[in-house]
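Two complexes, one shared chain (chain A), two partners (chain B, chain C).
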Partner chain A sequence: MAAVKINELHKSDLPWILEYDESKCIQCGKCTAVCSFNAIKPAVETRKTSNSIVNKEKTEKVLVIKQNVSLDNYCRGCGMCANVCPNGAIKLIRNEDDKYSVAYRAQKADSFKKGGRSNLNTEGRTLDKIKIGRISQMTDPSLDAQRHTFELKTPFGRVLKADKLNFDVKDGKIIETAQLPPNRWIYPIIFGDMSIGAVSWRMWEAMAIATAYLNEVHGIPIRMCTGEGGIPTKLLKSRYVKYMILQIASGHFGWNRIIKSMPEMTEDPAGILIKIGQGAKPGDGGLLLASKVARYVQEIRGVPKADLLSPPTHQGLYSIEESVQKMFLSMNAAFNFQVPVAIKVAASVTSVSVYNNLLRDPYNIVGGFFIDGLAAGTGAAHEISLNHTGHPITSKLRDCYLAAVHQGRQGEIPLFAGGGLGQTGSFAADAFKLICLGANGVFTGRMLMEIAGCVGSDTGRCNACNTGLCPAGIAAQNECLVKRLDVDKVAQNLVNYILATDIELKKLMAPVGCSTLPVGRSDALITVDKHISRRLDIQYSC
Partner chain B sequence: MVCIIHTLKDNDRMSTQELLQTIARKIEEGEREFEIEACGQHDITGKGANLLFRITNPGQRVGAMGMDGVKIIVDGSAPADIGWLNSGADIVVKGDGGDTAAHCAAGGKIYVGGRVGTRSGALMKHDPKFEPPQFWVLKNTGSFSFEFMGGGIAVVCGFDCDGLSSVLGNRSCVGMVGGVVYVRGKVEGLAKCVEQVKLDKFDKDFLKSGMKEFLQEIGRTELEQDLLDFKNWSKILPLPKEQKEKKISVKEFKEQEWFEGGLFGDLVEDNGEVFGLAQSGDARIRKPEWEKDLCIDCSLCLNNCPQKAISKDLTRYNADSDRCIGCGICSAVCPRSAWKMV
Partner chain C sequence: MCRIGAIKSKNKLHPSMALKLMRSQQEGHDDSGFAFVMQDMGGLFENYKDLPLLSMAATVEGTRLAEDILREVGFTRVMQWSPDINHQKGLKIEAMPNYIFEVLQYPKSYRHASQEEKEELLIDTSIRLRKALEESSSGFIYSFWPDTLTLKEIGSPRDIGTYFNLWEENSDLTARIITAQCRQNTNYDIVRYAAHPFFLEGYTGLVNGENTFYEKNKSYQAKLYKGYMGFESDSQCLLYSLHYIHKILKWPLQYFKHTITPLPYDEIVRRENSEILLRIKASLAHLEVNGPNTLLAVTPQKELLCVCDSKKLRPVVIGKTEDTVIMTSEVVGINDLMPDRKIEDDIYPNERETVIVKNDLTVERWQQ
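Right after this comes the complex of A and B.
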């Protein structure tokens, strides 16, 4: 047996340590069969059979389960092995002295990439320090959340001030003197942009079904953003495209099929979202590693099986003004100025400047401003970007809203906030608080993954979305893993979650006494943190 | 002897407190019959058995918390909350009632000879140890009537309602979970949690006997024949919980409305099968491959395979894909690495 050397990878360097109880193991092989990361294996150990000094040569070979010690095939802690073990013989223990990412960089001379969430939660969440503190009791009537009528709708598209509306009165009737900017009343939650490729075809279809079902059966006008990976032609030519917000990002993937389908489209899409940046990795472009570029992904995107790196910026756009002229104008033109066009940027110190500039858009073609916070997830990123770049969503959303308020222009370009919503358990509460702080709506990808069975956590479990080996079949692209995902169940669960969230949003709107969305109603919020109170301009309570 | 109380003398109005305490004192002194010329005083009723009140111009909540053995007759109309929390009194209002008439009534009878306002009959209840409350209205109710109703019987006769789109107002019966509302005439905007159905024989018998007494009390006996023509009557009942949501399921939506063969049907091969974890066949992440040249025919693989998937014929070993889950034990125990997991 070769000697163990210090300058090689050891089990104690890995992020998760397998704890194996041999006495409980029946060697059924399920744990090793289920592991998509090939991180554990059956192995034969040689053991002494007796402690006798006379028979000291006597050994036997036994079958055990062992952990792979490898930079490529290592345990991410997903826990599938423990889930399938009939006897509880396997446990995964988080290694607090993990050296894996050091070893990776040292041995591969490459930046460490991962997917999922930032696992460096250094500051706690602002939203958790905010409560809904203004409850209508004797002051004004509160509502009955279950039984009264609520209007959970928000504008998507440019909103003109009353004096700028192109209306005139002719023969006692209001007439439109020029076309108004397109505007749609949609549900204040948008299924956030996860591309075909970043997620599996089954996951993407489940989200699309849930979207269509909520619209057509429950009358909830929820929209789904496609992500930058194209959209199946079938969907483009169907009536369901009106629930879809098409995304264009710096890679411009998938637009060939969109443009080719245009003559046969019977409905306009719900909108277009220009992705400039994403909260999980601001300043970095989209990333889809070759392992996930399955054949159909290659087709839709028009690329071979290779690592797909979207440029960090839109090539050809060098200023905010130019982006308005070029991107917004072109995207408005694509559907004859009938479809709202919005933009998504990563929250940043500079977000307010961008928003202010867009507010001055003289053509009225900027239909929404999406801000994506630091805690957002992603299909793949360099760990350095994921963990160390970005800006929390709450204060930046607030800054943008107040910047508009100070100019008397709030609501003209609707604000949508996202990035890690639902991180600590309540998506509805997060959404409601952001709406009170000035958001017209929110977007989420994270919750959709969690609902679909994602096993990842904010403390480092799994988060291997970049590998294509997603044990839940959500972010995988090979058949044996994707087919673990039950489209019907995931679609149903997504629907159920939104129905539950709908009730919860009403449960928060009712006591505040609002039957419509309380956009900017920061008087409804209190905080027990003085700094947050001062920064967000909400009441300090103790 | 009838105890007559005038509540307004020389511009001096008796307060609600004075009036109610006067009534209480008189009852204690043995008075049983009252004639009250009220001036908007609230909560007019009395505590005791065999009490009769004839009232004009009452304020809100006439007959509130009414008790068994109390009868109240209002000559004319009464404002909001007639018979609020009525527990047993018989209350007759010959004119119109205001909003929230019979609110939370759980016993007794409330008869109104005109219209009642919004949220009337809301939160009515029925304690099964006692007779159910009855609430009869000659004409119509305002909107949100019978909201959150939990029990009891309401009868809305829809008389003199020509031109009204709904004799129960809009959004009637929201949150209704018990009791029954009999109604004559058009109903619109009913809550989704209830159903409107035809009367059966029991209902008709109840209405026949009850109508006689109701019309006598409000002094409109001439209407009996018209009102007992059952062709315009129906009743509203809460839907059983399982019937409230009659929407198609996501699965049905997918089967009936979604793309045949799935959204990605022309892009990937997918028959919709859902793989369990650690299963055989195509669900395997890794599959064993056997290499003849390396095999020394020791049969360790065959003996150790937990799925009994490996078999041996004359010249070769074979892993049955219907049994093999891809655990790799064959590969681990093989002394010559003849099995490889790929």
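Right after this comes the complex of A and C.
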């Protein structure tokens, strides 16, 4: 019986197995050069050239491509090698029996994965079990998606109940008598908050370009949230900042520059988003590993090259009544009460309580409630957070909306939902269904990554956003990798995707006969699942 | 599709006029019902304009229940009128045992009460009566308000007319404003409360349409005011919105149209009062209506109002003579009653218009 070292890592333990066809390989070296994880390497194999028992010594050296068997440099299945191989000599096979996560924890005393998406989708997608079932026929004919005009705009900012507007009537006309909370009308899709640092400068720039282009050329008032990583000063001082929602989170990264530049700003930003929590890693705070803190990231954020942690809590946040108000008031005051200030929380069993408290706040300071569901992605979070903490977005959004309905206060703090939208390829449908369930709009980061060329999947492929080695150059900070991303092309694709989504949203509004957003029009939805029907209070159909 | 009609006149009109107005529009009838509201009463009710007039249909038990409640609150009967029932066989009508139309005196403690206090008492009593009758399935209260009489019944409009002897004109039952629909609301259950016209505190509304934002409207209105109840029809929502804008918020009527069919954002921002209009659009987003709708309404000031939806437009036409204005779904109805009017003066309101008929019968057309 031969010996084998069981307690060492073996190829069969890795999540992806390289299948290499030597007969097709021309030894061009592209595959090894393209692998950002250093997971494959050229190697020399000694082979026997004859089957003769006599000529035992007759061997030859063969150049092959081999997989590294390492806990650090291992194949993530991104497939870049297969993409560049001219002859299809390389294939990656998912190893269903991999032991990598066990081996990593056992040998490194650390969590094996720190970024990407939730890869443990056991519950199925609620949104896919909901259909738009109230189709206008006969007495209320459907609209024509191509010819009718539709308005896809939603308020962002605190909305006051009509009897609290303090309107006066003079000469038969309503006049304002008091300054009201800032309120803007925006497109119901917000480019989600991915920071400079979490994503590469090229990705961030492409999103910013697409945002400006959609606004200025197509008249689609989409907004982009900066994420907690600051904003280039030049953009801050430009007129395009009016399309940007500035994010502040517990690390306050980038705000030193923002505050210093304020006197030179020519436009107000679109809004401020205070991030309390994040759906992919609720209660976990933010984390940008030192490997991704490039020189320019240091400059924008004003930090040394080190792991950057946003604590899970905001300093001084002990109660909604005092701390959040303090934060909100300071942010409101910073822009002279002219800019909506919203809050982003991770979906949680407690979301409704938070929302209720904000609704009841007598100072009307909260201009939006962003709820982030567990299927969201993140630049860095422990696997345990990604896969095992959080709350699905659909029922939580619905809970919040119905809590407002219960008080007769729906719409007063606009609801925005995000987290895993478009997971099964139907972003517009997901957005529409959430709007019918009570969202004023949605936000997404995942779709933007996908559009830009992210190769990650919800079943474990790649998911290496935290490493700085993103093979698509999206979440990378390595210059060579970032240059793989064509800024203009990504911006163009983002614009095109939103234009397509705009058409698709209209194709859903038309048959239910809505020319404006059907916020809360849950009677348009049906479900084939009795539990979902009961939980979301929508019609069960079979 | 429903056919609806509203008549306002300097003369006192008998309900037969409403029946005649709707007769030629019978394509829109399906023998499901007939209902009308009379306001600015003449005839027997002419001298009781300031006192609340109760209109209800009930069983014997329901009648007793209502009388008990009214007595307990302190109302006393001043005058009662009963329709002259024709028990002819074969009439298609699901008649109730009793139809009560009575004028009541306010409780003594309200002798020096303000108008608001009296109105509050009437709505509270109406709600109480409605709940009590509903709980015991013993009747329906249609209106309890001064100078207003309502009748609703299920069946063939022609036969309902015959049953209540409404085809024959007389001077006892007359009013200067009559609104009517010769059909039940058939989208949902055939129940008496679902029949137009709907009435609330001096406001009457009747709609030809489908309000596809019913769920949104209803979930919002249910918490807005105690009188917004029932929701047996998606059209009630339009009446409640009118009431909310005009009576609760005390906004001028012009802003009703801005509420139910707000202008597109791009157009609002070009308006001088864009800040106000955007606030209304945001704050009352849940009162917006979608789908095809035409609303005819009467305000407490006894003016008629007509507005349509912003896109799909159900038919409506307004015809006028020296002494009468008629708003109705189809011009054939007006042709029957006003054959000699100047037809070129007929008004076909557009999707941006609010048409108002003042008390002197001048017609105002406001563009949104």
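Here, the second predicted complex is superposed on the first by the 531 of 542 C-alpha atoms of A that agree within 3 Å, B and C clash if a C-alpha of one lies under 4 Å from a C-alpha of the other, contacts with A are read in each partner's own complex, and residues count from 1 in each chain.
Throughout what follows, a contact is a pair of C-beta atoms (placed from the backbone, for glycine too) under 8 Å apart; a residue touches a chain by one contact, two chains touch by 3 or more.
These numbers were taken from a predicted model, which means no experiment stands behind them.
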| item | value |
| --- | --- |
| First, second, both or neither for A:Gln492, with chain B first and chain C second | first |
| First (chain B), second (chain C), both or neither touched by A:Gln407 | second |
| First (chain B), second (chain C), both or neither touched by A:Ala380 | neither |
| Contacts of A:Cys462 with chain B and chain C, given as first, second, both or neither | neither |
| Which of chain B and chain C A:Val217 touches, first, second, both or neither | first |
| Touched partner set for A:Cys470, first chain B, second chain C, both or neither | neither |
| Touching partner for A:Pro141 - first (chain B), second (chain C), both, neither | second |
| Larger contact residue set on chain A - chain B or chain C | B |
| Touched partner set for A:Lys161, first chain B, second chain C, both or neither | second |
| Shared chain A surface residues [contacts with chain B and with chain C] | 148-149 |
| Residues on chain A engaged by chain B in the complex (per definition of touch) | 26-36, 38, 41-44, 63, 80, 83-84, 144, 146-149, 201-202, 204-205, 208-210, 212-213, 216-218, 232, 234-235, 238, 294-296, 299-300, 479-488, 491-492, 495 |
| Touching residues on chain A, where the partner in the complex is chain C | 136, 139-141, 143, 148-149, 151, 153, 155, 159-163, 165, 167, 169, 172-176, 180, 183, 185, 405-408, 410-411, 512-516, 518-523 |
| Contact set on chain B toward chain A in their complex | 147-148, 171, 174-175, 191, 247-251, 253-254, 257-259, 262-270, 272-275, 277-278, 282-286, 304, 306-307, 325-329, 331-333 |
| Of all residues in chain C, those that touch chain A in their complex | 1, 210, 212-216, 219-220, 222-224, 244, 248-252, 254-255, 264-265, 273, 275-276, 278-286, 288, 290-292, 310-312 |
